[in-house]
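Got a structure for you, questions after.
In this document, chain identifiers A, B and C correspond to the written order of the chains, with residue numbering beginning at 1 in each.
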Amino acid sequence: MSLKRAEKKEPLIRMVKRDDVSPRRAWAYRGIAFVLALITGGLLILALGHNPLLVYRDMVVGAWGSPTVIRETVKLTVPLLVTALALGLAFRMKFWNIGGEGQIMVGAIAAGAFGFFTADIFPSPLLITLMLAAGMLAGGIYGFIPAYFKANWNTNETLFTLMLNYVALALIKFLMNGPWKASGSSFPKMPMLAPAARLQQVLGVHWGWILALVLVVAAWFYFNKTKHGFEVSIVGNSRDTARYAGINVKRVIMRTMFISGALCGLVGVLQFAGTDYTITEGITGYVGFTAIIVAWLAKMNPYGMVVVSVFMAMLERGSNTIHTIYKIPASASNLLIGIIFFFMLGCEFFIRYRIVFRGRTPAVPVELTGNTGIMPASAASPFELSESEEAGNA
Amino acid sequence: MLDLATTLTMAAVLAGTPLLLGALGEILTERSGNLNLGVEGMMFMGAITGLLGSFLYEQTMVSAGIEAVGFVSALVALVMSFAAGAFGALLYGFLTITLRANQNVTGLVLTIFGTGFANFFGEYAGLKAGGYVAVSSVTKSAFAPLHIPVLSDLPVLGPLLFEYNWMVYFALVVAIVMAVFLFKTRFGLKLRSVGEDPAAADAAGISVSKYRYLATIIGGGICGTGGMYMSMVTTSGVWVHGCVAGYGWLAVALVIFATWSPVRGVLVAAIFGGLMILRMYISIPGLPIQIYEMLPYLATILVLIITSVRQSRKHAMPAGTGLNYFREDRE
Amino acid sequence: MSETLAVHMEHITKTFGRVYANKDVSLELRQGEILALLGENGSGKTSLVNMLSGIYFPDSGDISVHGNKVTIRSPRDAYNLGIGMIHQHFKLVEVFSAAENIVLGQPGAVAMSRRKNNLEVAQLAQRYGFEIDPAKMVYDMSVSEKQTTEIIKVLYRGADILILDEPTAVLTPHETEKLFAVMRNMKADGKSIIIITHKLGEVLAVSDRVEVLRKGEYVATVNTNETGKSQLTEMMVGRPVSLKIERPHVSPGEVMLEVVDLSCHNSDGLKVLDKVSFTVSGGEILGIAGIAGSGQKELCESIAGLYPAIGGAVLMRSELEDETIMEPVLGLRPDVISKKGISMAFVPEDRLGMGLVGAMDVTDNVMLRSYKNNKGPFVDRKTPRALAERLIEQLAIVASGAGAIVGRLSGGNVQKVLIGREIAQAPTVLIVAYPVRGLDINSSYKIYDLLNEQKKKGVAVVFIGEDLDVLLELSDRLLVLCGGKVSGIVDPRLVTKEEVGLLMVQDVTEASKGATEPPPEQLQMELPLQESTEEYFSESLNTEGNRPA
């Protein structure tokens, strides 16, 4: 129609979907993205007037430099790892549980009911068992509630679980100010846990770290080898397929979220009886949110979560160190986590797509050929797995 | 009784304004098909940059020996906070629109990043300023309630309608402009089509990416100004660590109750503002104040449940929201 | 030379991942002609025109429009060149009105008036003789109304080159004929038209020339009046083929499935199934015909226990502990039904959305329906893996092995995994919904053979299809749905395609009485053929007879 149009060139950059990428190449991309993230963070540190290399070195030393700090790092890893396992379970079902914070808090509160008030009644092993059971039950119920509504009316679970976080927070504030306020304290705070109710230490860290490692293996088996795990994957892929396979979808959603919440509740107990010995507004240490990223970065793989959560804990621990040495605010860890994750999210694109610049045709593909009596894999239907499906919400 | 109602309404409007701004930004974003859960992060970014913008402006003026002007300071805060929110949204947009990353996760990361960003620079600037960051009375007065001649002096209606700070009227104007844009203009129709069915919009010759980028960035900017309200009005120009604390998330929830309509958003924001401050004005005997604090969150949950039980096509989320679009994807 | 060409595509190549969609394909569309683009499913027809309409960008090759070399980077570029495409899957915004969809994206005043838009659209529709309500919301529209909206949308943009992608797939024979009339009108108006189809009868009925593609490659272009069905078929498939579908004779056995007065609502509370009743015996194939959305999906899903019914009953023959009874199964979950000693297999319409999990491998997909069979909390992957390997071998599924991800297989192989798994359950009742949709001819015939094999084994088969020719050839009896009601159960050997087409749109109240359960081999309906309809069909009958000799 118009000659002007006719002169238009081919687009400068085009995206073409890749088929398969070798795992090695994929990890190479992720490695590059990680390094770029560190460089970006380094520029920020540079802008603050410090040597990024020294700061990074001190972060690592601050996390691994001595047995004491290693123990601290492990202590930070445990809640992060267990929460990531819990949330990963829900995410496999495409259930956006961002209520880990709340589930951890109610877990701690339920454990507190026993820990603060029955320490004189029960012997230590029974007391701790009761605390664990109560914490997991409370967390489980807290996870079950939004699942119940999601299963029956498809209620938006993202906001539901999130709002429950604030409800739990208000509950802690209430207990801290009133019924559970430590006697004789002028500040609103809860008492310290009696020694009998505290978790024993193994190699200088409460035994929760052993439990966490056991849970990692258990989670892997649950995901990959059990009927429950299989059902969770199917429900996560398509509810219609799940119904077709004879799965009671509602039950799976509610069951899975109960387990997810219970694991978060367990984290609450571990933090309460293992490290803090009391309950404050900061009991969660924000792991309900950071664990989302751990689970996602590890692609829901429990073993991957170990690696990522150790790394995250190192960042956090390291941030405290550089706060002391360089007076860089401790919030730097969140900032750095954000930057790293932005890069990791972005690099997935380069694993799934190829970029073609103007004037260069994509490499000649290999044509799939069939054998006896069938058409070649029908040329125009390369069914692709669209990973953007995962977003569906509300 | 009438006095209490007036005071309560005024307080509700003041508390509801940042929610409204956050929700308006998110409405625009979701109408384009992007579900940005990073509102909290963008509000945080707006909060710190707005405050620091004013603060640095004042410092510059002082060191130059010129008297700072409140109006300019407020304008600096507005522009800076808008730019910061827009920058956060740009990161989100680049990742989801161009790089097709999962929207939920990207939004969550933006929240973590924005929170870290604000608290980091808040603390850092505090350290540099020797304690804490606070703006001077010149800027504070720029965010004080206005006094409009004649109108503000009206009995009852005066204080009820015409005695707010300028940000309240700014939010209202944004809401009205957005409503007109979305439902009365050709570009609004295009934007809505992109959010509802990007493939159809694309086939109609509309650039899906362009509209998504623009809506997301402008929406993020509006969220940023909502954050600035928190640091300039709610905390009176002093940086408080974690000051946005949950307002961004409530704003996301508000979008659902407003059924993606800016005008309904005004009403819902006022109601939620009311829920947030009710405890300070009406005490219910025997109800501890912390339990009272749960009210807006419980109300949110209740509305979530009610809206999900009664599904309606007319008031549903735009069908394309939450999904990235790639033209060459097969159906 | 090229001045006379409306469109000239030369040496176009397009790849997706590792497969060619088009390889060195050329196309010439002359001014004012109707060109049929013919090819099997997966032959690259849609990919080729998508490069003309700006959806895809070619890897290599040149495109000229009206003699000028052009680059089409987006649908907008295509519109500016006067190219408009009516997609197979309509590109309409559901919550907008017809008029809003039509003016969408067109330049004009910033402020918009709904009334002005409606008026403008109504005037345009009138000029071309379309019936349309500009204010009607798309979600309230029938399929053919949506198509009309799409066509007006393209005309509104001033397109003089129109591309219609499989426009008749969702239309009744009557609506198809109406569409062809519109196309001839547009041609007379000077428009150049490309129609994509894989139906030979339509090619011969409406086109001036035919271009044939096969496996993404160009085969030939011929004048329509110089060719015939057998030549076109040979070009399409690459070798001479007999397109005869077998209908083996099997003496009917016991009733295996009985549906009584089944009714369902859709999500808006409207009736989508209204007192549907029929029976299916072992050793027969009951075909179900109807225009898209007449309740087929709800029918098979409610029988399979996946869709809630509001009334009626579904009975299946159950053999448990030497006792054979008709067991009521309505409202039971699929796994509960199978516990009652009933083996019911169901091949749903949405293969990767319901029948299979695209992200899982063949083994896990085979396991989908049987993972509960073993005791204990763990899954047993050994048995399904063995079955998966057997299916791959027996059905010649092109896959790297039992560990191949199903979503990456081609359409035909995906369907073979699905049907293979279902048949492996040794069902007594087999329900298949649109089993050959999107498949090439060879795969389709393989599927028909599998169904006939099941029929010979004494299975009661319910076959929901869209191609009337296939339904008429394959089924032993044919049930026609119209608006959720049974408008007739007919003997496919004794009716014509047009008679069935009429039943598909006919109000059930004036249709056959006692359509509930006909004795086999007997024509049930009484067709109230009216003068005018007879007249109407007399024309189209000439072009009828897609069934190959």
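Everything below uses one rule, namely that contacts are C-beta pairs under 8 Å (C-beta built on N, C-alpha and C of every residue); 3 or more make two chains touch, one makes a residue touch a chain.
Remember, it's a predicted structure, so these values are computed and weren't measured experimentally.
Relative to chain C, the chain whose mean Cα position lies farthest away is B.
Nearest to the common centre of all protein CA atoms is the CA centroid of chain A. Between A-C and B-C, more C-beta contact pairs are found at A-C. Centres computed as Cα averages put chain A at a distance of 27 Å from chain B. Here the spacing of chain A and chain C, counted between their Cα centres, is 43 Å. Once the centre of each chain is set as its mean CA position, chain B and chain C turn out to be 47 Å apart. Residue positions 328, 330 of chain B each touch two or more of the other chains. Multi-chain contact residues of chain A (touching two or more other chains): 17, 381-384.
Among all residues of chain C, those that touch two or more other chains are 16. Residues 35, 37, 91, 94-95, 98-106, 108-117, 119-120, 122-124, 127, 246, 249, 252-253, 256, 288, 290-291, 293-294, 297-298, 300-301, 304-305, 308-309, 317, 321-324, 326, 328-330 of chain B touch chain A in their complex. Those residues of chain C that touch chain A in the complex are listed here as 15-21, 41-44, 46-47, 57, 59-60, 65-66, 68-71, 73, 77, 80-82, 215-216, 304, 306, 333-336, 338, 346, 348, 350, 352-360, 364, 367-369, 371-372, 377-379, 396, 398, 405, 407-414, 438-440, 442-443, 446. Every residue of chain B that touches chain C in the complex is listed here, in rising order: 184-187, 189-190, 192-193, 196-197, 199-207, 311, 313-314, 319, 327-328, 330-331. Across the interface of their complex, chain B is touched by residues 15-17, 48, 96, 98, 149, 153-156, 158-160, 162-164, 166-167, 170-171, 173-174, 177-178, 289-290, 292-293, 296, 327-339, 341-342, 345-346, 348-349, 352-353, 381-384, 386-394 of chain A. Listing the residues of chain A that touch chain C in their complex gives 1-3, 5-6, 8-11, 14, 17-19, 225-230, 233-234, 237-238, 240-241, 243-248, 361-362, 364-368, 370-385.
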